[in-house]
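Residue numbering begins at 1 within each chain, and the chains themselves are lettered A, B, C, D, E and F in the order written.
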């Protein structure tokens, strides 16, 4: 919101712009991470021959483990950056298990 | 995410933001799917028409990609809920 | 537009925000697809040796067929998603042959 | 796209939006071109200066990329117009 | 700013929207280029085995040369496009050595 | 970039814009780092747990990526300053 000035209508309507902006940042981040997992786990688990349209058993199990492992990596990296003090400003990123 | 502490005006605002974002995400998913399936399935440019083999590949690819995204979404929601839950004693 | 509140100036100016927003979505989507075609057809048709700056005959013909084929794929995927009912919300995407 | 049903204020608004978008697209095209040509042409990092061979490669790459984009744009416009046209009987 | 209409608050506050918008464009472009250099030079210089967390001597020297070479390529391409008259509209892009 | 000709209101506005952008850049750097290190280090999906070898690879990868970005940032700033400086006689 800060990017576009505060409109009289909005501020008299009782909207806390800081809070809205943090929520939007959070949604953007979760959505960005989700899209990266979809792409990474597709590369890791799905054979590009496309002989059939269903996920086979091996692909399905691979996807489940892949998503779990991505979360693990995300957590390890988050801990590392926290200990490095690098994410002092990342306080808005509360939801993705960080 | 927890918007329960938001007032009515803020919740209405967030609903609009989320709807807009979902629309954009759907469009990006769609064009990303087209790009991925095109790149995997189409390698013959001696003709501009899709061969029946390419077409079958594209249909399977799209099918599989949607099922893949859906499954990732399920696991993602579960793990995200777990990560947000209060730590167990 | 909904994202930034409605400014008094704009609404008294007679701008229909819904309509504007749908038009912007449409432009964004067409531009996104165009950029993906440029990248995909470059990968498919242009040799990365760069011995000369002009498109040779083979590259030119390849580009024409590649763009046409990308449209075909886009159409097939669109039909599939429509029949799957997955794109109930994609009603804004009217222009790219969907 | 057809903006003919837009009123004057809306058309003026869209013109500004489109100008802004064209500017952003041009900048993204430009930096994408630099990245692509750098990645294809530069593989020797024993020196920080561009060799004459690398420079020629970059110039040809940029040239070819622009011609490629232009040709894609022409085909894209034709096919898009076709897809928008009312179906033939 | 033009994208969201001019709010009375902002224009009475004495903010020149054109100037702000050009500055934002400039920041976006510099940041886009920076991110591309980070990715390209990582691909060129960093071995993906990750046997240790420090940059070794060879990697460090490679990074320095890689960034310099990317700037050179950027400059050559900029000159080419200028001479081609293609960037008549890119007048906002004043800072990245263009 | 030189904002010295901006008035106070404009400078305040730009400060907010830049803060917002830095936050977004940090988040994109972070998730890009996770994706890159996951892709380089994780290739065994017979288990959902990170092996100790994978974990060490991820930690080294993150470490190295941050040092890489920092070094690129230093060189970038120097070369950008040079490019902006008035040409030498």
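Following the convention adopted for this analysis, a contact is a pair of C-beta atoms (placed from the backbone, for glycine too) under 8 Å apart; a residue touches a chain by one contact, two chains touch by 3 or more.
A quick note: this is a predicted structure, and the numbers were derived from the prediction, not measured.
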{"item": "Far-end chain from subunit C, centres as C-alpha averages", "value": "F"}
{"item": "Centroid-based (C-alpha) most distant chain relative to subunit D", "value": "A"}
{"item": "Distance from the mean Cα position of subunit E to that of subunit A, given in whole angstrom", "value": "25"}
{"item": "Rounded Å distance between subunit A and subunit D, as computed from the means of their C-alpha atoms", "value": "29"}
{"item": "Subunit C residues counted as touching two or more neighbouring chains", "value": "4-5, 7-8, 13, 15, 28, 45, 64, 68"}
{"item": "Residues of subunit D engaged with two or more neighbouring chains", "value": "13, 17, 28, 37, 41, 58-59, 62-63"}
{"item": "For the subunit B and subunit A complex, residues of the former touching the latter", "value": "1, 3, 6-7, 9-10, 13-14, 17-18, 21, 25, 28, 36-37, 40-41, 57-65, 67-69, 71-73, 75-76, 79-80, 82-84"}
{"item": "Complex contacts: residues of subunit E adjacent to subunit D", "value": "2-3, 5, 21, 25, 28-29, 32-33, 36, 39-40, 43-45, 61-62, 64-66, 68-70, 72-74, 76-78, 80-81, 84, 86-87, 89-90, 92-93"}
{"item": "List of subunit D residues in touch with subunit E within their complex", "value": "13, 16-17, 19-20, 22-24, 26-28, 30-35, 37-39, 41-43, 45-50, 54-55, 58-59, 62-63, 66"}
{"item": "Residue numbers on subunit E that touch subunit F, as the complex places them", "value": "13-16, 19-20, 23-24, 26-28, 30-31, 34-35, 37-39, 41-42, 45-46, 48, 50-55, 59-60, 63-64, 67-68, 71, 75, 95-97"}
